[in-house]
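The block underneath contains the structure these notes are about, expressed in structure tokens.
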Amino acid sequence: MDLLSLQPAEMQALLLTLKVAGAALLVALPLAVLVAYGLARYRFPGHGLVNALVHMPLVLPPVVTGYVLLVAFGRKGPIGSFLESTLGLSFAFNWTGAALAAGVMSFPLIVRPVRLSFEAVDTKLEDAANSLGAHRLVSFVTITLPLALPGILGGAILGFAKAMGEFGATITFVSNIPGETRTLALALYTATQTPSGDIAAFRLTLIAVFVAFAALIASEVLARRLRRRLGGDHA
Amino acid sequence: MDLLSLQPAEMQALLLTLKVAGAALLVALPLAVLVAYGLARYRFPGHGLVNALVHMPLVLPPVVTGYVLLVAFGRKGPIGSFLESTLGLSFAFNWTGAALAAGVMSFPLIVRPVRLSFEAVDTKLEDAANSLGAHRLVSFVTITLPLALPGILGGAILGFAKAMGEFGATITFVSNIPGETRTLALALYTATQTPSGDIAAFRLTLIAVFVAFAALIASEVLARRLRRRLGGDHA
Amino acid sequence: MLDVDITGRIGHLDLEARFSSDGGVTSLFGQSGAGKTTLTNMIAGLITPLSGRIAVNGTVLFDHAKGIDLPVRDRRIGHVFQDARLFPHMSVRTNLTYARWAGRRKSTRDFGEVVDLLGLDDLLDRKPPTLSGGEKQRVAIGRALLSDPRLLIMDEPLANLDQARRNDILPYLDRLCGEAGIPILYVSHSIEEVARLSTTLVILSGGRTPAYGPVADMLARTDLGRATGRHEAGALLEGKVARLDRQWGLTHVDIGGSFLQIPDLEAEIGTPVRLRIRARDVSLAVTPPEGLSIRNAFGAHIVSITEESGPYAEILCEVGGQTIRARITRASVHDLNLAVGKPVTVLIKSVAIDKRQRTPVPPVPA
Amino acid sequence: MLDVDITGRIGHLDLEARFSSDGGVTSLFGQSGAGKTTLTNMIAGLITPLSGRIAVNGTVLFDHAKGIDLPVRDRRIGHVFQDARLFPHMSVRTNLTYARWAGRRKSTRDFGEVVDLLGLDDLLDRKPPTLSGGEKQRVAIGRALLSDPRLLIMDEPLANLDQARRNDILPYLDRLCGEAGIPILYVSHSIEEVARLSTTLVILSGGRTPAYGPVADMLARTDLGRATGRHEAGALLEGKVARLDRQWGLTHVDIGGSFLQIPDLEAEIGTPVRLRIRARDVSLAVTPPEGLSIRNAFGAHIVSITEESGPYAEILCEVGGQTIRARITRASVHDLNLAVGKPVTVLIKSVAIDKRQRTPVPPVPA
Amino acid sequence: AETPLTVFAAASLRDAMEKIGAAFQEKTGTPVVFSFAGTGTIARQIEAGAPADIFVSADIAWMDYVDTRGAILAASKRNIAGNTLVMVGPHGSAPLDLSEAALAARLNGARLAIADPETVPAGRYGKSALGYLGLWHSVEASLAQMDNVRIALASVARGDTPLGLVYATDATIEPDVSVVATLPGESYAPIVYPAAITSVSEHPQAQAFMEYLEEPEAKEILQSFGFVTDNGQ
């Protein structure tokens, strides 16, 4: 076995992981930004409920979340069957389901830092924007959102990392199907569950670590550039 | 079976969960604050490495983290045997091990919001504190830390929620021993392992949700008070 | 033009403000903590008053009784905040044009002109956090000027600026108000600025507006000493440019039969002007003096003498139907035997009436 | 006492500052963006200069050549920042006492006295974000005063304060400097404040210090017109309190044989004082006039006449060995046939010399 | 109270083992504590010196794994129960003929729920049985590999997957599924649950518990949950 080049199965798991985590982030991030903004800036009835709901996937063991997803989004589940009959969209046992599971699981991790960032943005700047004629939506997009970017980036990193590593809810919801739902994390789990899987597990760990490293370094560079843009330090 | 009062096993799991999550937070939080501060304020060789290391438990499936802990901190592991022979401290298959696993797994979730908050604190205020004679440590404790409190609280909430729900690393590292390492999450898993466990699983889910709700509401109240203290809005 | 009659509350301060002004520059004058910023915030719509009514140029911005509360963005108020509030992530240029691209406000004012006025050319590509205190303030002024406002609120906009820059900006505000007809609500601690710029002066004290009115009347009032700052008391003279003396750089102003010589004023003959004569710049003589460098000497008679406990006395004199205020020592009042009705010569140094003391009379819009 | 000779860089501005002063109040005067804040930050240790040396009262704070760079906390500089920088999470009281409990600085100054001076009594339990602009500034001043500083840096500390409050604070700074011997580095745009307060004036322009020296000399220099602000030029007279006239509330000051009458100065007989006489408050007469409310008339002779392109002329006169500066119109110079050497009578209104124009001479420490 | 006897057991044995534990305590007074997890997880913990007295595995491979690492007393090793494989469908499903065509028709594009054929013993047995029957190739691409029996059964019960390949024991307990076919015994290696005393055990009752597992009382309990207990397996 070549130690340096990826085996087809590993390559498949890697690409699938990136696809799943990417898709999860793509859908979860905007939604998380909205929810975080709502939680940060508005007091509405059900505020506490929404907040608690967002955190649930973190508190409950992933198996439970996966099970709930299966019941709700499975073929015969109320949401799943509705989506399938109306949009032809099915989450059952395919990579979109894996992305859904990853998105749900990483949601609280994204919401929290984003919410903190929104809370830290000085509303006086929004006032100033409004006094210059900006509609609330415009001032959100031009002032609040850019100023909260470090937090959004931070949330995205946590979310992406979590989505990459998500295991429990994914295997429960969409099973462990090679090429379809077997991400690196699932492949790694599979390897650890076989008495002879040590080397495979080690290789997969290296791959996951490597990808995570790359993503984190990219995010750090981005964050530094962002901070410079915001803080304006020329040092 | 009484539906409202807790059964002894449930009570045991609940108390254990609180103990484990509490201990995990107690140890992980100060450490996370230190690491977050270092990452936020200093550029040192190995900055990227530390950052990546912190995120690893998120990226790798929990089983792998649990397995690494088992190998390193187990009775026969290098760190485990060292700690046992020198300090008489053993993490193997007891609740402190569960706390260790929960702490490690929630570490990245705490570090990120805390780091964001540190980055958001205006260093000019620290300058002012120093000009008033405050040693760097003093200005950190009196200025930086209090101003970063919303983020620290946010990180603590994420961390506590995660510690409560931690499952994969815990069961792999310290197994599933009632009264010792069987937290709510593990009890819930145990219940789902046989078809007859449905009601038990449902009850345990309710308990976990209830505790999480209580913790989140408490944290929200705290956060609001904090924000008022910092922002000074009397509205 | 600007009608305010509101009550409100901030912290422990009850605000109860009522004034109206006929356009031009309305100055809000009061001690630190009097509620000036709070009042401007209510007019801008950032704080909601408890009751009352606010109208600008006939447009009702707020009317508690009728349930009107125009959103901030629709009030079209150019607001120069006391704490600049620049957008830290945008360049100075983007900050300046924010109202245009984000607020869809019209480009009524020329960008280059404002940039020149405020000396921002070299700063356009910089980010606010790297600006000096005064530079921030100038950008904030520019941003408000470029927002096509129907009212300009300026909360101590010149506090951190040097005299040269102030001298550039003040005439511009004059013109803005005069030519473009944009009313200005101006918060300032400097009675100089207030007198130089305002049509109407509103005194704010402990959240209340004990007095307001045309600036000339207000500055002539002796009961507002504490609020307007004792030593800078003075009076306003209305006049018309009568002659331009190019040789000596002097302008002769007809103040009702008498002619006042002041350093060069770029104005056409016939233009009405307003001159602020500070009480402390005025001397009195019992006989018309000779061989004095003081160029302006007018026959007058004493209208009132207010002696105070300190060394000072305030003398109001009538010159050609207008009032001039003089501040001299009680000792001199005694030595010269001054009394009400007595004819005296009022002496005013030409150099005392510098640029900051005079202004074209703001055309008060109907 | 304060020796600065450094180079540095911020953004595109090269800073090259060199001055020294003998204690007392050193004012830093310059246009917006000249580098004043940057220079104070270098002295405070917040920005590291590229090279040079900074010493206060013999203590070297920074010496590039010797590798000395004292940490900020050990410099014992009370710094009033241009942007207050109050700690938002602490009450005003905790902010004020921060240096004591967090910086372990000594309680050399009485807390109650400072609170009274700055009018902070009612604010002690408030949090900074709820304070008005001027209130913040006052708390910042108090915090620096209470930090037992060996040097006080004040970056436009009075910009947002009303005249009454300024008049309270300035004498206190005087006393601080005089009695406690704490040197002050004062950044201000107001030549009034500068003249009123300073021993040494440092001009900063484009990052450079083209001139510095005793404030009397600097204000008498005619080549610094632009930097010091033309119309506020003047000269300083040194004198001694000679007599207190309680009846009229006047103090007679001996300025070298001649006696100047000024409104009451609370000082003991024999106390040395310094009076700033603004050029525009001085008139000239070719013959000693009679029956004038102006109380101070001194025989003098003309030292120099500087005619300028505008309407003004600057006349330097010698009175009892000291210089007085007068600003009159060119027209008067011509009308009165003034020329160098000619004897004239210098006329100074007593009321022109108000509190802000005089100060006990700061005891210059050895 | 007496030091409890600690048993690390495969999660699928939970119901039966807990009942046996209770009966054992009643009989001897020694309390029994169980730790249930996936066999692989437990085996690695045993290897790492877990404070277990008894290890009950769900397959032989993991028992051999710990045996070769000296983590159990080889002499104490014995098979305590066996199991069989069945095919289940949602409650009331018609019996299924184990032919390629019938299987395809029943699946109709959906998936066959099965425990992970590489990692979970039930899946491994299932894979070998399907292979023996010549069906593996046709269903390989439409498997839903579950880590968890409960989830597999639930998805069958709810009809998300029309078929599931599970242990007979699982089918016995879940009322919402019906057995549609029993896989022939010769199609897969015997499914056995080996138990052994760990090499770190110092509990005096460990041997007693091992013996108790083979007593009729224990066998009865195992059978009641669908396990096969005749040693001939």
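Just so it is clear, A, B, C, D and E label the chains in written order, and each chain counts residues from 1 on its own.
We take it that a residue touches a chain if its C-beta (ideal position, glycine included) is under 8 Å from a C-beta of that chain, and two chains touch if they have at least 3 such contacts.
None of the values given here were measured: they were computed from a predicted structure.
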{"item": "Shared interface partners, meaning chains that touch chain C and chain E", "value": "A"}
{"item": "Farthest-lying chain, centroid of Cα atoms versus that of chain B", "value": "C"}
{"item": "Most distant chain from chain D by Cα centroid", "value": "E"}
{"item": "Centre-to-centre distance between chain C and chain A (centres being mean Cα positions), rounded to whole Å", "value": "57"}
{"item": "Approximate Å spacing (C-alpha centroids) for the pair chain C, chain D", "value": "26"}
{"item": "Distance from the mean Cα position of chain E to that of chain A, given in whole angstrom", "value": "35"}
{"item": "Centroid distance [mean C-alpha coordinates] between chain E and chain D, Å", "value": "91"}
{"item": "Residue numbers of chain E (touch at least two other chains)", "value": "41, 44, 148, 151"}
{"item": "Overlap residues in chain A, where contacts from two or more other chains coincide", "value": "63, 67, 189, 192, 234"}
{"item": "For chain D, residues contacting two or more additional chains", "value": "11, 83, 126, 130"}
{"item": "Which chain pairs touch, all of them", "value": "A-B, A-C, A-E, B-D, B-E, C-D"}
{"item": "Complex interface listing, chain A residues touching chain C", "value": "124-125, 127-136, 138-139, 142-143, 146-147, 229-234"}
{"item": "For the chain A and chain B complex, residues of the former touching the latter", "value": "48, 51-52, 55-56, 58-64, 67, 108-109, 112-113, 115-117, 119-120, 150-151, 154-155, 157-158, 161-162, 164-165, 167-168, 185-186, 188-189, 192, 201, 205, 208-209, 211-213, 216-217, 220, 227"}
{"item": "Residue numbers on chain A that touch chain E, as the complex places them", "value": "63, 66-67, 70-71, 74-77, 92-93, 171-172, 175-177, 189-190, 192-195"}
{"item": "Chain E residues touching chain A - in the complex, by the definition given at the top", "value": "38, 40-41, 43-44, 61-62, 64-65, 110-111, 113, 116, 118-120, 143-148, 151, 154-155, 158-160"}
{"item": "Sites on chain D touched by chain B in the complex", "value": "44-46, 71-73, 75-79, 81, 83, 85, 87-89, 98-99, 102-105, 126-130, 143, 147"}
